[in-house]
Amino acid sequence: MSNSALLKSSLAKKYWMSITGLFLILFLIGHLAGNIPLMFEINRETAHGFNEYAKFMSENPLVQIVAWVVKIAILFHAVDGVLLTMQNNKARPVKYKVENANANSSWFSRAMMPMGLLIFAFICIHLVNFWAEMHYGSIPTYKVRGEEYRDLYTVVMKFFGKDELAIMWISIYILGMVALAFHLIHGFQSAFQSVGLRHKKYTPIIEKIGYAFAIIVPLIFALIPIVIHIRVNG
Amino acid sequence: MTKLDAKIPEGPLKDKWTNFKNNCRLVNPANKRSIDVIVVGTGLAGGSAAASLAEMGYNVKAFCFQDSARRAHSIAAQGGINAAKNYQNDGDSTYRLFYDTVKGGDYRSREANVYRLAEVSANIIDQCVAQGVPFAREYGGLLDNRSFGGVQVQRTFYAKGQTGQQLLLGAYSALSRQVGKGKIAMYSRHEMMELVVVDGKARGIIARNLVTGEIQRHSAHAVLICSGGYGNVFYLSTNAMGSNGSAAWKIHKKGAYFANPCYNQIHPTCLPRTSEHQSKLTLMSESLRNDGRIWVPKKMEDVEAIRSGAKKPKDLPAEDRDYYLERRYPAFGNLVPRDVASRAAKERCDAGFGVNKTGEAVFLDFASAIERYGKEKALQEGEDTNNMALVRELGKEVVKAKYGNLFQMYEKITDDNPYETPMKIYPAIHYTMGGIWVDYNLMTTIPGCYALGEANFSDHGANRLGASALMQGLADGYFVIPYTIGDYLADDIRTGEIPTDTKEFDEAEKEVRDRIEKLMNNKGSKSVDSLHRRLGKIMWEYCGMARNEEGLKTAIKEIRALREEFWNDVFIPGKADGLNPELEKACRVADFMELGELMCVDALNRTESCGGHFREESQTEEGEAMRNDKDFTFVSAWEYTGDPSEAKLHKEELKYENIELKTRSYK
Amino acid sequence: MKLNLRIWRQDGPNDSGRLENYTVENVSPDESFLEMLDELNEKLVSEGKEPVAFDHDCREGICGMCSMFINGEAHGPDRAITTCQLHMRRFKDGDTITIEPWRAAAFPVIKDLVVDRTAFDRIIQAGGFVSVNTSGNTIDANALPINKADADNAFDAATCIGCGACVATCKNSSAMLFVSAKVSQLALLPQGKVERQERVLNMVEKMDEEGFGNCSNTGACEVECPKEISLDNIARMNREYLKASLSSEK
């Protein structure tokens, strides 16, 4: 294996970007599936169902491994992105006085870095809000058939429903999802292009799926806190 | 040296080149490493020569004025490259290609050179394909051919309308490979300013780094001039803006004879000039004449109505149109050779029938072709052939598939839609058959100084056939010079590196510095372009498509006066020690001012009409060109004596042992 | 037409440069953009000033020498053409036109609008060729049939004129479109397949060394390319490089 080629070259950086990106897209699907129940009617069953899921996610050893891989992937994706951007800025030390970039490319394809930074900030906030709370915080517990469950469900409901800063949190989450949407519109199909998966027949399909994915997934994510807020207060 | 020795090898025509190769002296690989060769110009001839010589082991220094070797003007050739492959099984052969080329050149080229050209033509295609040149192919995966300029076989290989580009990039990649290996030192943005002759042999050049203005000395055991043609004497031509005759002219002044400078090719299908500020005439491929019909109105009132815009050309009924090529040359019609088509256009425009504001344009009309193809297509698709709107639409599709990129280019430049209204075209200077005199080995009259490609004179006679320029450039560079140069360099294996601190280099450098200083310090009032434009006008007026004694004499007088004005009143802003495009242009135009005069001197001397050279005094009653084989079957090789008008004429008799001289007729 | 021009003037590589204002009058809509600049230059010369230096040669869109960033776009607002094919009818009387050189660390400015693009040459020298010597005895051109679609795609990639508009346009000054066009041309043809691994590895290595940026797939290069070279080529190079770097023993 060529060391210089697979680690240092500009193309290799793009491959890592692409592979981590595609992996994180898969993660989004899983994460969304696990969180959709939060939008269901508020009762004991949905609450317990969600808490069971949370328990599984925080205790299953396999999931723990995957969870760390996701975190590493996010970090890798972010660091690689920063490195690439630094290199790219160095490649044009003197900027144009007049640049009509909208004539040849979409703004969000050029804004992967700022969107990425927003998403990164969002992830940090999100982790502090729930992941840290779940693992290290003082969450009320209850027992069912001898097993102890942490009541994350109630924490979430309170956070988006009753917390005095709920509206602010919801706004931040929506903003994070808007950033994610634009990041994905370009990122989804770009990940395929970067590893050379381009074909006259299939690329248009990939582009359409990517577009749909980039809108639908963040949209549902963004709906979750809104729905919770309405249900809790309504 | 009074008698020119073309050094044509002994033996029957078809064995000459083989005999030469069998008997020429060689330089062994170890010795090649200690021999330097300078190549000026990196087009098809220079690029292929530099690559081939470096592969053989010589140390090559290649020079081009462009920012990259890939930009030489060979890149603009559109149509194709001829080769006697006979892939189409239509009776082609080396002999036929040879015969067509000699005949096309109006029997003014050297038999042995042309035969060798035809002989190596097939190897060129093999070589280029091996390099990865993407020629057009058929569905079976084999190479496609098309027909070109008035020959009866399909022998033209092509890559859409960009054959020159693909071939040049092939040569450029071979050259780049050797640069990467360190066998070629590439000097881009450098211009050759002077040849250095030591003990009668070409031993180096003085070059100017166009970016820093530095004057450099480069020595070598041989110097190859591959700098293209001198069509830009006319200011407006299809040549690139930077194309120039300076390298050729510099060696001419150092002793190389200049052959047939008056043989210039005027291409009939170019875009007409529209304004004073026009800088360039764009060529529309000859292939358009396969389907386009050329005409002007029959009646003067229609001409005026069209010029003023009162009438549209497409509304003019057929009986009021003069399809003058079809009228004058029923056998070949719109597909007569370039020189004939050009003169016929000029004849109509001189008679006042030119269709644009300047009166210098004729129509090239695709309406008939669109209808014809449309009907064929409608028939194939089972549509109504009487539905003219549909037929035209279908026809446009067919024409678009064939010439789409040319039509688009035309529309971009003129803002006219050629699918709806006929194109306006007019002849323009395109190629120069004349050039530095060379012997069979491509050596000039200066030992060790060679001229390849368009820069030499040898293969196209008085008129070049379409798709033959690319063939010649690559033949010279890939397959001729690698053999012939060894025969000369065999004497240099013990010479060692040529020192540059000698008085010959001192003198040559001083000449260059003095010239630049004079130009920079002139502080006149006229821009280089304005003077060049005036030179172009004189040349076009008197030494263009038709020439006569009185006009040529006037031209010589005017050019001399203009040259004096140039040296007295030209203004070059800026400094000489940096990038200065005005200075570059001035150096080139200074040479054009002399070369133009020699062209007129040559045209005046050759009182016959042949190929691209048309003397009004020598024509038939019907206005056709009339050759004079008895008095003019020779090459005019001019020796510089200090003044172009005083150039000394040497004649190389042309002997035709394998071809019978005939009158070209396209009636 | 009367036009206001804002043109980048820079005396040399070490000068910092600035935009300067000029006006040109009586510009005909039929003139080409470069002819308009010729006129400006003649005017400047007649006033004893130094004309604007710009690269140009064939003036028919094939040599790739002309290189200007006009009103924020490489080769100006039209598509599929070079600056020399841009005509003044594309502009209106009274328009202000800003003209800048290509901007990239790998293309340093030499003077005014002239930049040094020899980085492209060096990339080709690193591997943009088929290693075959001149010989009258290569195999017959028809001994190796080539699928027409492959030949056509190779040709489309080979039409690159090396003007550098892709680099100039790309927000990252990436040379991927240029490099991938050559890699694609030769990877598609059987003649080039022999050394496809070394070629793509060496050319990409050189590309990185020259200081071009990375491709972020914005697609701007394809839009501004005067020869409409496709992004397909970049994808093909990505594949080629991936395969080569995994299997190469280096």
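Worth a mention:
Which chain is which? They are A, B and C, in the order written, and residues in each are numbered from 1.
Basically, a contact is a pair of C-beta atoms (placed from the backbone, for glycine too) under 8 Å apart; a residue touches a chain by one contact, two chains touch by 3 or more.
Since this is a predicted model, take the numbers as computed values, not measurements.
Nearest to the common centre of all protein CA atoms is the CA centroid of chain C.
When you average the Cα atoms of each chain and compare centres, the chain farthest from subunit A turns out to be B.
If you average the Cα atoms of subunit A and of subunit C, the two centres end up 38 Å apart. Per-chain Cα centroids separate subunit B from subunit C by 26 Å. Here the spacing of subunit A and subunit B, counted between their Cα centres, is 63 Å.
Against subunit C, the residues of subunit B that register as touching in their complex are 48, 51-52, 55, 66-71, 73, 75-76, 85, 87, 120, 123, 125-143, 159-160, 162, 165-166, 169, 172-174, 176-177, 179-180, 186, 188, 211, 238, 240-242, 274-275, 277-280, 282-283, 408-409, 412-415, 478-479, 482, 525, 527, 529-530, 571, 573-574, 578-579, 581-582. On subunit C, the positions that touch subunit A within their shared complex are 6, 8, 19, 69, 71-73, 77, 98, 100, 103-106, 169, 171-174, 201, 204-205, 207-208, 211-220, 223-224, 231-232, 234-242, 244-246, 248-250. For subunit C in complex with subunit B, the touching residues are 11-12, 28-32, 34-35, 38-39, 42, 44-46, 48-51, 53, 55-65, 78, 80-81, 85, 87, 89, 110-111, 114, 116-118, 120-121, 124-136, 138-142, 144-148, 151-152, 154-155, 158-159, 161-162, 185-186, 189, 191-192.
Considering their complex, residues 1-2, 4-6, 8-15, 84, 87-88, 90-101, 103-106, 109-110, 112, 186, 189-190, 193-198, 200 of subunit A touch subunit C.
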